[in-house]
Every structure is written in structure tokens, then in C-alpha cells.
Amino acid sequence: MIKKILIANRGEIAVRIIRACREMNIRAAVVFSDVDRTAMHVRMADEAYALGGNTAAESYLRQDKILEIAGRARVDAIHPGYGFLSENPSFAEEVERAEIIFIGPPAAAIRALGDKTAARKVADRLQIPTVPGTNNPIERETDVFALADTIGYPLLLKAAAGGGGKGMRVVKAKDELSNALRIARSEAKSAFGDERIYVEKFIERPRHVEIQILADRSGNTVYLGERECSIQRRHQKVMEESPSPVVDAQLRKVMGEAATRLVRSVGYTNAGTVEFLIDAHGKFYFLEVNTRLQVEHPVTETVTGIDLVKEQIRIADGIPLSFSQSGIVANGHAIECRICAEDPENSFFPSTGRLARYVVPQGPRVRTDNGFAEGDAITMFYDPLMAKVITWGSSRIEAIEAMRRALSEFLIHGVKSTIPFCQFVLNDEDFRKGIFDTRYVDEHFDFRKLRPNKPQEEIAAALAAVLLNRKVRVQAERQDANHNGVHSRWRRMKLDSYQ
Amino acid sequence: MIKKILIANRGEIAVRIIRACREMNIRAAVVFSDVDRTAMHVRMADEAYALGGNTAAESYLRQDKILEIAGRARVDAIHPGYGFLSENPSFAEEVERAEIIFIGPPAAAIRALGDKTAARKVADRLQIPTVPGTNNPIERETDVFALADTIGYPLLLKAAAGGGGKGMRVVKAKDELSNALRIARSEAKSAFGDERIYVEKFIERPRHVEIQILADRSGNTVYLGERECSIQRRHQKVMEESPSPVVDAQLRKVMGEAATRLVRSVGYTNAGTVEFLIDAHGKFYFLEVNTRLQVEHPVTETVTGIDLVKEQIRIADGIPLSFSQSGIVANGHAIECRICAEDPENSFFPSTGRLARYVVPQGPRVRTDNGFAEGDAITMFYDPLMAKVITWGSSRIEAIEAMRRALSEFLIHGVKSTIPFCQFVLNDEDFRKGIFDTRYVDEHFDFRKLRPNKPQEEIAAALAAVLLNRKVRVQAERQDANHNGVHSRWRRMKLDSYQ
Amino acid sequence: MAKDETGFIPMNPNQYLASFGTSVYTVTLLDDNRARIDDEIYLFDLAETGQGQVSLKLNDAVFEISAIQHEDDSEDHLLHVRVNGNLYDGRVEDHQALLKRNALQRGQRSTSDQTVRAPMPGKVLRIEVSAGDPVAAGSGLIVLEAMKMENEIKSMIAGSVKTILVDAGRAVEKGEPLIVIEPG
Amino acid sequence: MAKDETGFIPMNPNQYLASFGTSVYTVTLLDDNRARIDDEIYLFDLAETGQGQVSLKLNDAVFEISAIQHEDDSEDHLLHVRVNGNLYDGRVEDHQALLKRNALQRGQRSTSDQTVRAPMPGKVLRIEVSAGDPVAAGSGLIVLEAMKMENEIKSMIAGSVKTILVDAGRAVEKGEPLIVIEPG
């Protein structure tokens, strides 16, 4: 039985897993880099082990150190979270070789589905529709050009080892291809250490919809409905919801069963996500499998009432699922906003700094999965995700209004954040009607509309600034006066002593 | 249509109502006493109006000022919250006379059910079982003694105008009666300005179970299941849950229908709660009606998904309920802990002070309805309730484990709180099995068991205290050294200048 | 871990007595990251967080700690230490403090009269005892009204009422002495 | 509310210019709770909260406000003011500051060269322009790598590249000048 878990991650997801451990009376051990010595995941853990270093490569990606610590700490299992080592099949293998439970799918299943090219082959074999394109990474530029002519533009270039939209490039026309290919390869190399690229048809107006699955070690596989993840910036998700405004019960069943069939075929266990695109005609295409917990898992938890992290731990411990497909009922609507340290007024550039003020929302229908506290620093070393806000409503519009309310309470001072962007989306009529696709940011978003249009607030800002300015000046004058006072006294003392 | 609401309350419930207003795009105006100028409900409101004074009588109970402000602020409606003016029928009347909507039942319904004696008469007429006792307040001590002999001991003395357990006294035997009567009258007078007392049979091993109802202005009345509120200290609820471990579907229906019949009979609208006792044999007795929102309303919201505050506002605005009795489905289990500034090691005495540290729990399955922030003061003027933590689980035990986790994150430094008491209860085997009644605190609770039994934490406390002690000493020495340094420099300067 | 502390004075300036509940720990700081606590040596690392708290690593275990001085109890320098949210009350005495305490204890008769203080601000409603009355542990002494409730303050020890320091009707501050009980 | 601020210097030491976005407010503090903002008189009450914020009452409306000085932009004393969670960037100038600014503007040629700064710490991957190159508003200048992403920094104005201050491969700090663009 799992009594102690090593969490090989940081930030909000490490905190999320610690909380699940607490509720299951499991001891939580964590690892940390030098800058993370006082990070929230360390503060909340039961045990903490230094990795040294600061960059991901020096710390959270160091398989050797993590395995050594797991042995020393005598943990029963390792939870990799998302990112870092979570989808690395050789790490999963090494963990299992050390007779420690890897909280995730078997290495073979990661290998079979984690690589996009391999996963597409499986899907093709099972006759699950895929996006037209290559099943193999293409090495030579001339081959890319030849294929492009077959499929037709626009094209999408994707890193074979990528994920979360990293290393993706759209190529609109032939004359952009050569340059785009170079950048995509360079990014893929720097992000994943693997510059292989593959090429596919770019689906226009696609919605990104994914199916959450759970598979236990007794052969039960279920799907937990879908997540709509079309609101993306830089090809990365920033707002997600469940259910999707375009998925009805019939489509949910077809996609859910396709996802189940896919993971079953490779002996998959634990949690996983099968990503699809849905085009303007409601046709879906298999995209890839994320063989791990997703960032956006809370929206599924919120509507189904099923705790995915606890289920991951139970499955890894050999416990069968306590519910069947028919027992999974989605209730109401959930939305998530990712609160990232980025500047939406400046192309979502990362924003670093110290959190001078950091107040997270509270109250009804709000869940905040958060990895930082006031006074903490946001460094350039890791992912800019600070927190996720999840709201629930009995209807989609109630969830949206709850999110508007929650974000109005979220106070961050010290770094820029995606909050104004999320507020823009929540106020946008098309979004509120459910009409959007993955091109939403390119087509709808105007950073000049981010600034709030509230004249009374601006007047209040002006007056408060004047009053604070005067206060600072008065204090400075008082200090000067005191200094003069000291000087005078000192002069007087000299006079007294020596005259 | 309601566009602006005046909230005639403070603390967590005022904040709760502000949040509902935000989500409904209604402007929220609040009132405040002198000490509350920077209280959370003022900070979060759109508009704020000074009442002056500090005690409740000087501020939040001043009907005249509140009505004057409501007129000046041109609000459409007043929400009274709980406590203060919420169950005062003449205030409701005055509000209506000023052509402002009172967000609560009509004055006549408050009058018919708000007084316990009147409410019992209604219940008797409808053949809803009540606890044996008097329907009228008893004035003369000799009459009390005579009645006591008829009913038999133990007896319960209750303030006619009381609520929330205030002004209640158990009398175990005849020789205690005279003294208890004196104290009960004095407390009733000081708390409610009404010293009338009534007398009833004290039900042994009773569980306090209450039914939430909603009634719109179109004649629809529904019940939203029950709340179990037997964990009480000083006859006041401190932990509540829904559903109750002792209420099955059949009993829920019978009690729910009794509650509905009762409120319907007096033309009740808006939210209300019908309180019952359930004895050891599962027999229920009508106790009283709270003609307002309850402190513990979030547990019902959490399992039903219905937002009671929003429904209150919609009903007051004349909008019919959007669901029928059969549409109300309870999902999973919710528990609430009241976090009060009280010392559970010292008879739950109120504890005042400044919140040097105040960190509320976050993350999955936790809702915190909170009225304070770090740096705020807890004064002696008002109710000691600081926050409510509500957790949800698919099972009762999952909700309990989530609450244990949540309370372990709730950090309060500066005042004592009920957190250690709640932790005691959450760890208690009888509570975990669902075996408890309103005598739980008297019979199970031992304040000497409140201190955590965690040797490693105590060692950590000792070492941290030593290290902080040394740091303070070193800093003090350094300051002394600096002072000496200044002196030396000053002496040197003198020497330089004048030798 | 509980030890008899009477008369024990550490001679090492890096040695401290930390009293928490019924336990008394002898803590010796060996260097910047090693301490001996009673008979065991621990590796430690104390890091301040941005929130005015500290994160203490003790061997591999990690604790989130914040400490404040008890406000209305300045006479004995009680520390409230929160470890992972749990409260530990205690005090720390170093070489100098212990020397001072020892000298004080020698110099004056150790009296154990107990001063009953107001646990909150409020109004004295009734005084239920008179000077000289015998009291049992747990028997009522005085009734305070605060936050709309009557709160009966009880004696923690058996003995007799030595002095009554307040009158009925009087408003009292938190921590204000109300009654002195002489044990016996 | 937007006014031409050129050359306007308040003669009253209680008068300030507050510039927020495209609006410039003339704020005169009349006494401790009255201010004239442009042509309107407001009753105000500023109260500090325990959290280092202020609660500002402006007539009957109430705003929760926190303000910090922009860290890496010390040259123009930009204030970040959060009102009810929304961000307002601006600056305040009093009598003295305005006199000083006016003197400065008379003394030196007003140059509007734009310095492009690093919006985050990172590594310069590529420089896409050379000195003298014409640039359009929105055209790419330099590619920074940070947080595992490539970030192309674009010109905000049309003009030409005056100076390139960094080399490819170089690590840069947040706010560090990268390129100077001459408008035109």
C-alpha cells in the first residue's frame, strides 16, 4: 500500500498532489532546486530533498538525483505531475526497475502513445480519424516541400516530442515554409532536445476538445467527458471548460469510446487524455495523447465529482475503479483560467518579479489551485503558470459570471498576468455565446482593449496616487527635518563642549 | 428589477452577499460602524455608508440610519443577512413602507413564525409534532414550577426572542430552576431586549436537524434537504453537514413536506429554515423557524448546486423558481466548520486581537466564506465568526478528510480559534461513524486533548524558537555595536577637528 | 524528553533550554546547520520565506513555522509557535536568562498564588465569591459579559480567594487581573 | 478629462497633475477630506488597511487600492495602481516636479528615440536587424529565449535602427536596453 510519495515537480501541481496525499493520509516528499528552497511545495511538504541547480535541466529533469532521493527517502511511489519527466518512458522504466511505483501509465504505453507519430499509427489502425499528414518525422527539406504540395496549405509543423503546443508553427503559404521549418526545429531542439518535426494539414476553425480517460489495472477503462480547450495563446491553452459548447451526448459517446478504444489497445493504465480537433462541421480528428495528468484536469473533477489525482494514486496502488462508465454523471458547467506570469499587452511575454501583493479569490463556486504566496518570486527558470482558478455554475453563463467575480478578487502586484486577457474573453459576446475556435486570440483579441474602461476607478487611482505622493513627500520632509535636528544638536553639542 | 442592494450587515455574510451581487451584476452598497471603516465588507463593496458608533446597538441595529441611507443611496432592495435586523418584522415593514424591497419574507410571515411561541401554535394546528411545553412565555416563577412538575425534568428554558441557542438553559433538577430562570431572563434581556422565557421538555440525545426551504412569490415552495447541526458549543452550532447521517429518503420527505406545509400556511416567501429535533428513535419534533438565511447555508448550496443568496434576490425581485421539487438532487456530502475567534481550551471564550497571520485554505473541494484578512482586528463588538470552511466529498468520509486537510492549511496567528476543536471532532471515531447528538461537546470533548500530539513538530518548534531567539539577540547586539560605532566615529571626529 | 529543569544552567552560550508543554529540550547549536537536541544530532536549515514565516528543514522533514510573542503575557515571554498550522506554546532561555532566573528565584520567596485574568475584554456582571472563600478547581468565580454572552470564569486550582481586584459593573480589558487565588 | 498638459504648471503647492493613460487630471487637495478633481469637488476618505493597501471613499463609492512603483522603470516614476483589482499606470507630478520638468525640456533637445528593452530576463537568440535598417511598426527586431520559449520583440514605431546594444548569445536582464530606434 502506498504510504509515501515523492512528487517530482514544483508549483501548483506539486501543491495539488500534496493536498491529495494529505486527504489520503499519505506522506508527501518533494524535491527542490536552489531557488525553490522556500517555494510553496516545499513549505507544504512533509519532507523535502535538495536537487541543487536552478534550470530544469539541472534540477527537476535530473532522473539520476530523483531516483537516488526516492531510494534514500524510501518512498513507495513517484508522482511526476505534468511536464518535466511525466511523459518520459525511460524514466518510468527506471522507476519501475527500482521497484518504486510510477504514478502514471506503464513505460510501454507511454512509448506507444507519447510520441505523436507512433500514436497516429495506432489511431489509423483502429480507424479513428486523424488529420491528413505524415506519420513519420521528416528530415529533408525537399521532402517537406513535396508533402506540402500533396496536402495543400495551410500546413502545421509540429515537434515530434513536443506538447502543450510548444514547437508548433502554422505555415500559410509556400514562401514561408523554409524559414518556419528552421525556427520550429530550433525550438524543438531547445525545448525537448529532439529537433524532429512532422507535417500535417492545418484544420481551419478547429476546436480543441479532449477526452479524459481513467484505466485501472483490472481492465476497467472509462472516459470522463470532454474538455474544451480552444482558447489558446501561443498555441498553448489558457482557458478550458467542461462540457464543450459544441459536444452533444451523441458526439461525447463516439469520441469517448474512440478514446477508450485507443488507450485500451496499448494496455494503458492510470489517467490520460486523448486530444482531438473538431472542425466547423462537427467532424473530429485524433490529434495526440497526453500520457499524464493535464493542467486543466480540475474542470473535469468539478463537473464529475471524481478526484483524478486520488484516482491516479489508487490505480497505481492496484485498486480497481469504484465506478463504471454509467456511474459518471457530469453536473453543471466548469471553467478554468490559467493565471500565468505573462504580459497580455505585450504578446504574452513572460513576466518575472516578486509578488508584492498576491491575494487569491475565495467564496462560493470558486476553486483555486495555486503554487505561490505573497512575497514569493517568479523566476525565469520555469513555466509561468502561477495558479488556476476554476469556477462552477449550474449553467455555462453562471460559471462565466462566477469567474468574472473571482478574477475581480484576484490581486497580483509585482508581475503582469493573464488575468486581463481572461477578463477580456469572459466579457466577449462570441465567447459568451460559445462561438470560438483555436484562432480566437488571433482574430478576436485586441490588447488595446485590455485596459479597464471605468472612469470612476481611474479618478480614484489619480486621487490615491496624489495622496500617496503627498504622504511620501511629507515623510521625507519630516526625515530631513529630523536630520537637521540631529545636525543642529550635534553642532550645539560641539559649541557647548568647546566654546 | 433589482440593480442596487444595501447590505445591512458585516463580516463574512456581507462579503457572501457582495459576491452574489457581483455575479448578478448588481451594485453592492454596505454600511459600517466606526471600527469597520476598513473591514473586508467595506473594502469589497461598491459603495459604503458610515453608521457611526461601534456596538451593534449604535450601528448595525440602527433601523433609522439604515433606512435613511437606503433612501439616500437609492437602493432597490435591502439584504439583512443573518442576525442584526434580519428577523425583525417591524424593520421589514419599515423597509416595505419606504418602497424598498426587503430580501426576506413578508413582515407578516416573520411575525407569524419568528416568535417561537407563535410558530409552535401554527405547527400544533397543522399537526406537526412539537416538543411538549408551553406555547406562551411564562411570567411568574410559581407558574414555571407548576409547569415543570407537569412536564418533568430535565427542562429547557428558552428566550422567546432568542435564536442561535442564545439564552438557552438546561435545568436538570428542581433545585436548579430558580437560579437558572434568573440567569436566562437576564441574558435574554441583555441579548434581545426581551426577557420573556418559555419552558419545554428537554429531549435527551437529540440531534438538531433543519430543513432549508425556498418559496417564490408565484406560490412555489420547495425544500432543499436537511442540514445536521448537532455539533454545538454553548448551544450554538459550530459544525454542520448535509445530508444528515440519520435522515433517510423517507424521513427527508416527511420532514421536508412538514416544513413546506408550515411555511406555506403563513404565506411565507424567500428563504427560510425549519428546525427540528430528532430523538434517539428517529422521531422528529418541530423546534422553530429561522425566517432568514442561515450561517450554515453553504452546505446545502454545495450538495444541491443551488445558490441560496442568488435565489433570495431573484425571489425578492418577483422571479419564479427555475426548478421544481423533483429537480432538486443532492450530490455527495458537504461539511462546514465555523472558524470563530474563541478559545476552545478555555470554555470557548471569545478571543480578541489583531490577525498577525491569516492564511485561508485553498485547492480542491474547499470553499471558504471569509470576512477577514491578515492585519484585520477582531474586536469585542460583534459575533466571533471569522470564516466558514466548507468541504465536499463524494462520500461523508471524503468530505471529512478534505476538511482535515483544509484546516491544516488554515493559519491564524493573533487570536485563538475553533480550529483545534474542529480538528478534535474530525478525528473522533464516533463523529466519523456519524454517532453524535447535541450533547457531543459535553460528553466527548476534552480540551486537554486539543494540543497536537506530534513529537517531531514539537522538536521543530523548540529549535525554531531557539534560532529565532538567537537571531533577535544577535540583531540587538549588532544595534548596540552600531550605536557604539556612531559614538566612536563622533568621538573621532571631535578629535580630528579639535586636537 | 521531559526533564527536571530546576537549577540546571547550561554553561555553553550556544546552549538553550526550550520548554514546550510538558517537554523541556536542551538545544545546543553546534554550527550553522547542526544542532544537538537532547541526545540526538540534527541537520537543519532555516530559510525565511517572503511571508514572514520560516521553513525549517530538520534532517529530511520540513516544517512551515511562524512564531509570535504572546501579546498580553509579557511577564513570562511566552512564544506562540505554529508548526504546520498547529500551535505550540513555549519559551526559550539562554545562559544569561537562566542565570538571571536562578538569581531571582533565590532572592524571593517562590509564591504560587494564581492571578485570574480576564480572557477577553468585557463587563463584570457578577462576582460569585468573597475574599477568604474556599474554592475548588473548576468552581465559578466571576461572570463576564462579552460578545453578547455571559462567560463564567472558573478557578483552575483549589484554594481560597486572596484578593478581589474588580467590582461588578466594571469594564475590564483583556488580560486584566480579576482575582487572586491562594492555593491550598 | 484629457487635457493638453504642455507648459501647464500649477502654482498651488496642493495642486497636482495626475496622468493616467490618455487622461490627465488636475487634482487640488482642498482639505483633509475634500479634493477638486478637474471641475468637480469630491468628498474623500483614505484609510489604510492592515494589509498595506488603502480603502478610498470617493463620495459614497469605495475603492480598494494598492500602489507600487514600477521596478525597472525608475527613469519616469511610473506608478502601478490597482483599483478593485484593475491596473492603472500613471504618474503624479507636483509643483516642484513640474517646474523641474519644464526646465529640463527647455534645456535639452526633446529626442524621441525609442529604446527597446528586454521585457524579461533571457538569452538573445538572434538579432534580425542591422544598424541603419528601416523598420516598420510591428516588424521583428530581436529574438529572446526565456521560459523555454522564443519571444520575438517587435518595434513599436516606424523608423530606423540607430544602435544595437547587445550581441547574439548574450544573457540579458529584465529592462536592459537592447536596441535604439530613431523614429521617422
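Before moving on, here are some points about what is shown:
In order of appearance the chains are A, B, C and D, and numbering begins at 1 in each one.
Definition applied: contacts are C-beta pairs under 8 Å (C-beta built on N, C-alpha and C of every residue); 3 or more make two chains touch, one makes a residue touch a chain.
Please read these numbers as outputs of a predicted model, since none were measured by experiment.
The chains touching subunit B as well as subunit D are A. A comparison of the A-C and B-C interfaces places the larger number of contacting C-beta pairs at B-C. We define each chain's centre as the mean of its Cα atoms; on that basis subunit A and subunit C are separated by 47 Å. Averaged Cα coordinates give subunit B a centre that lies 31 Å from the centre of subunit C. Subunit C and subunit D, compared by their mean Cα positions, are separated by 53 Å. Remark: subunit A and subunit B have CA centroids separated by 38 Å (rounded to whole angstrom). Listed for subunit B are residues 44, 373, 408-409, each touching two or more other chains. For subunit C, the set of residues that touch two or more other chains comprises 52-53, 61. Note for the complex: subunit A touches subunit C at residues 29, 37-38, 42-49, 73, 354-355, 373-377.
Of all residues in subunit C, only 45, 47-53, 55, 57, 60-62, 64 touch subunit A in the complex they form. Residue ranges on subunit C touching subunit B, taken from their complex, read 1, 16, 18, 20-21, 23, 25, 27, 29, 35, 37, 42, 44, 46, 52-54, 56, 58, 61, 63, 65-68, 71, 79-88, 90-92, 94, 119-122, 125, 145-152, 154, 174. Residue ranges of subunit A in contact with subunit B, taken from their complex: 15-16, 19-20, 22-25, 44, 298, 301, 305-307, 331-332, 359-360, 362-370, 373, 392, 394, 398, 401-402, 404-405, 408-409, 490, 494, 497-498. For subunit B in complex with subunit C, the touching residues are 56, 166, 183, 186-187, 190-191, 234, 343, 346-347, 349-353, 356-357, 380-384, 407-411, 413-414, 419-420, 451-452, 454-470, 473.
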